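Shared chain: subunit A. Partners: subunit B in the first complex, subunit C in the second.
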Partner chain A sequence: MEALLEILKELHPEVDFETCDTLIDDKILDSFDIVTIISEINTEYDVAIPAEEIIPENFNSAEALYDLIERLQDED
Partner chain B sequence: MQTNVLEYLEQTAPRVPDKVAYGNEDTEVTFGEVLRNAQAIGTFLKRQGHYKEPVVVFMRKHPNAIISFYGAVYAGCFYVPIDEEMPKHRIELIFQNLKPHAIICDEFTAKEAGAFAGEGKIYLYSDICTTEPDPALLQEVREHAIDTDPLYIVFTSGSTGVPKGVVACHRSVIDYIEQLSSVLEVNENTVFGNQAPLYFDACLKELYPTLKFGATAYLVPHDRFMFPIKLVEFLNEKKINTICWVVSALTMISAFKTFDKIKPEYLHTVAFGSEVFPIKQFNIWRENLPDAKFINLYGPTEATGMSCYYKVNREFALDEVIPIGRPFRNTDILLLDEKNQQAAPGEPGEICIRGTAVTLGYYHNPEKTKKAFVQNPLNDAYPEIIYRTGDLGRYNEQGELIFISRKDYQIKHMGHRIELGEIEAIVNLKEGIKSACCIFDDDKKKIVLYYVGEVTAKDLTAFLKEKLPRYMIPNHMEQMERLPWTPNGKIDRSLLKRMYQEKK
Partner chain C sequence: MLFTSYNFIAFLIVIFLLYYLVPKKFQWVLLLAGSYFFYACAGIHFLAYIFATTVTTWWAAKRMTAIQQEQAAYLKVHKAELDREQKKAYKAGMKKRTRHWMLACLLFNLGILAVIKYTDFMISNINSIFHTGFTFMNFALPMGISFYTFQSMGYLIDVYRAKYPCQDSLPKFALFVSFFPQLVQGPISRYDALSQTLYEEHSLDWNNIRFGLQRILWGFFKKLLVADRLVVAVKALVGSPEEYTGAYVVLAVFFYAIQLYADFTGGIDITIGIAEVFGIRVTENFIRPYFSKNINEYWTRWHITMGTWFKDYIFYPISVCGWMLKLSKWSREKLGKEAGKRVPVYLANIVVWFTTGLWHGASWNFIVWGMLNCVVTLVSYELEPLYARFHEKVPAASGRWYDGFQAIRTFWIMGFIRILDCYRDVPLTFHQVGTVFTTGNWGSMFTGISALGLGAADYGVILFGAVMMFLVSLKGRSGSVRKQLAEKSVPVQVIVWFLLFFSILILGAYGVGYDSNQFIYNQF
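Let's turn to the complex of A and B:
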């Protein structure tokens, strides 16, 4: 989780990613952020997020993203 | 002869009054409604005394914003789209340039617009669209209108940081729409999926052919471009068959293997532009839509959007670039060398544009206008304005025009003339590289490369040494998480340069 928060904070230092659960709803992340996050997660966790998981629900909070990473790791 | 863009609407609306003209996720407006509401707004504005002046349309991206554009034109004015997502500082600069007397808002933007309005009056769309249209008044306005009257102003970024307002007239837009429609083969069955913001000339591609043919255009919600499957679902849900998007929007779909899960079922025409399409990504599109037409478009805002097109009709190797092809009918391209003479065959020259599509110039900015809108240097007999794009191009062996790079990014390094764009193109060939941008440190005479991708500087240098002469190898490389972008979807080179200088 720490590494993920690092990735997110690099993009938007001003956001409290530990509590914010409206990253998409409040337009905090844009399409370039999404592309960056996916590629960072790939490097950090060795997890490739498939297109069907690139959906708002999975990107609205750091927690949701982390759940997704764990789920994808378990599937391996 | 058609002299006003509203004639498209006036011919189409009585023919298909109940057909959907414009829509978004949950709203649809018919041609009948577009006509009625635009005439209502035109009547209102003219009665308020607004005539032959800029009308700012400061609304969310919505079909009603488009209706407001046409409303301003009915009043004999010209529209200036402003978007709620524009940075505040930019809006201030635009208002300083325009000093508008009329601003049309919706309930979401009215408060914010108030902060910029100054002397200008703010009108709510929902109030003024209920005005009873006055045909006699609108007729009188039209009788005094000519086709070289301005239609809109859109703002483009200036190198000095102050945006420049490009003023385009009816005749330029009519010319552009006629030629573009024939290249895209638009007809009444066309369903556009618009990506471009309404405050760029790029949206002309959807707005006006829709009026001309009685086609339909859906404004794809902005957030769909973050989620590739949802994006394709929208295309399918609205049965969208024609898109004109920036390359980064297309690669968002192809790069994440979206086509393995879902394919655009109706899409048959894919136009793209503003950026080089990496062939690797382009091939994914072509493989998955083998029957679709792919068209590369090129052109500056100053020549009403697009000036050249290339219909992809062959395979491209990974190190090739897709040509920008040839000019639209009734547009002519001159390639001028440094002596202002026609470049020799195969040699690079500045792309200069001649034709009706060349716009009127920059609003309240005679100095910048004079620099870019110039007398054709090949003609000393009578006044003839051409637009100098600052882009370098050349013709390939097949006689197709190729975009090389911006003229501004040509550098002299160790006695050699170098196009930074060429270095970037080679870097982009390296497996694992996602994007790259070169800048030049004028003081230390260093080529600096910023790149995104899982490649070490060491590996990249080894690769480049195989592809480029020694003097073109970047002197400094920095791996980045992403490169900054301009609102147009291009790599923000000037920001990179500023970042580099600040770091020093």
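Let's turn to the complex of A and C:
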């Protein structure tokens, strides 16, 4: 989780990713951010997030995103 | 049948009466019959195209859902016997089978679109590069082909991604593809959103009818008062480029921005209003786009359903696919972290804007239009840290006046890019825009404006219409304008209704020289 928070913080230092759960709903993350995050996650966790998983529920909070990473790692 | 024609209004009244007279379980059947009748009016032979897309997409989706169900059933039964690797291999095999159906259907339907829409463009390029003399095919473009193909392909990809199961009924799916209000210029609806109300049984609801009719009237107001008047001046300005240079190009940019807004949003208002009268909810396609503070925001407010279509089905799949992630990783190692981070964003953005341009039309004007949007988008992306530093240093650069400045800046940037729609070719467009900086004819513009085919009364009506559109947009910031109106007293509501109705009747552009114009987006 620490590494993920670092990735997110680097993009938006002004956001409290530990508590925010409206990253997509409040348009904090845009499509460019999402692609950057996915690319960083791929490097950091060796997990490829497919396009069909790019839905608000998976990207609205750091926690949801971390759950997604764990689920995809599990499926691998 | 144009939305603004008497035939269409008569057709709409008949469908409306029948819709609430037939047993409710046949309402969707009536809409299907009406949609196919509406489509046949554009040319009976075009039905073959829409029917081919409907049947192939419906069948491929059915096959994919069957494979997905087979997979779920098999894994349920054999869960205990299979180890992790075996499960993974089984899933991969099933995914491959669904992918074959998806790709075959995608290729077939995009192939039809490509052949019909782009063959002559290809021939023209080949002829000009290789000095050959291939004759043009002159295929007639079936009405709304770009819209219904993209809508169907969105459904196909969603079923492939198992976002929802397929629609079992072919006639019901045919209605989703051909639903007449949105067939000619969108919005490009998503199946999971539209199907919620499309097949439902609807009782006569005064609120739906009142709100729907208001929306239809508002669409007619924009189209007939503003768009169909301004088109005369825009055509004059871009039709004689030698005569209308410099300041007139700025005028053309300004007029076309208002014309296109009135035309396209007016058409969508009519679409959404008609659907609402039937109790059907169609996705909004515009949210006050000219209030956008930057180009990224603009594209989340203008032609929203097209933007999200390209984002979900082209931008994301390209930017997160296996080879792109590998390329990104490689770039990080070779070029550094910052450059590596940009690789997927840049490449996917280029592909998206190229295809967006091509989707709009088979011409270099649209391709260059797309690429200019791409450049501005990426430049804004790169300038973000600079803007952040600027705002840190100059905190006064904020608030309403700064928002207004940003909105005006975005309006003009988009306006100058958009003028590529109007001029004959790309070099001429660039030449004309260049004259803005070289021709000092600002003084003559104020006298020349009267020679563009519009009189003082026309400009008065346009100004009235534009001010009304602006005020309604302002009001819309605090919620639905129609809901706000519904909360007013009955006399106020009646006065607004009458004013709207009679301004269309009296001030609409009819008669000689004002033949009701095709909506601009019909041609896409």
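The rule is simple: the second predicted complex is superposed on the first by the 76 of 76 C-alpha atoms of A that agree within 3 Å, B and C clash if a C-alpha of one lies under 4 Å from a C-alpha of the other, contacts with A are read in each partner's own complex, and residues count from 1 in each chain.
Simple rule for what comes next: a contact is a pair of C-beta atoms (placed from the backbone, for glycine too) under 8 Å apart; a residue touches a chain by one contact, two chains touch by 3 or more.
Everything numeric in this text was worked out from a predicted model, so none of it was measured.
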{"item": "Touched partner set for A:Asp67, first subunit B, second subunit C, both or neither", "value": "neither"}
{"item": "Partner chain(s) touched by A:Ser31 [first = subunit B, second = subunit C, both, neither]", "value": "both"}
{"item": "Which superposed partner A:Asp21 touches (first subunit B, second subunit C, both, neither)", "value": "neither"}
{"item": "Partner chain(s) touched by A:Glu52 [first = subunit B, second = subunit C, both, neither]", "value": "both"}
{"item": "First, second, both or neither for A:Glu6, with subunit B first and subunit C second", "value": "neither"}
{"item": "Footprint overlap on subunit A, comparing subunit B with subunit C", "value": "27, 30-32, 34-36, 38-40, 43, 49-52, 54"}
{"item": "Sites on subunit A touched by subunit B in the complex", "value": "10-11, 24, 27, 29-32, 34-36, 38-40, 43, 49-52, 54-56, 59"}
{"item": "Subunit A contact footprint on subunit B (complex, rising order)", "value": "223, 225-230, 248, 252, 255-258, 260-261, 434, 454, 481-482, 485"}
{"item": "Contact set on subunit C toward subunit A in their complex", "value": "88, 161-163, 296, 300, 311-312, 315-317, 319-322, 325, 328-329, 332, 340-341, 344-345, 348, 381"}
{"item": "Residues of subunit A defined as touching subunit C within the complex", "value": "27, 30-32, 34-36, 38-40, 42-43, 48-52, 54, 75-76"}
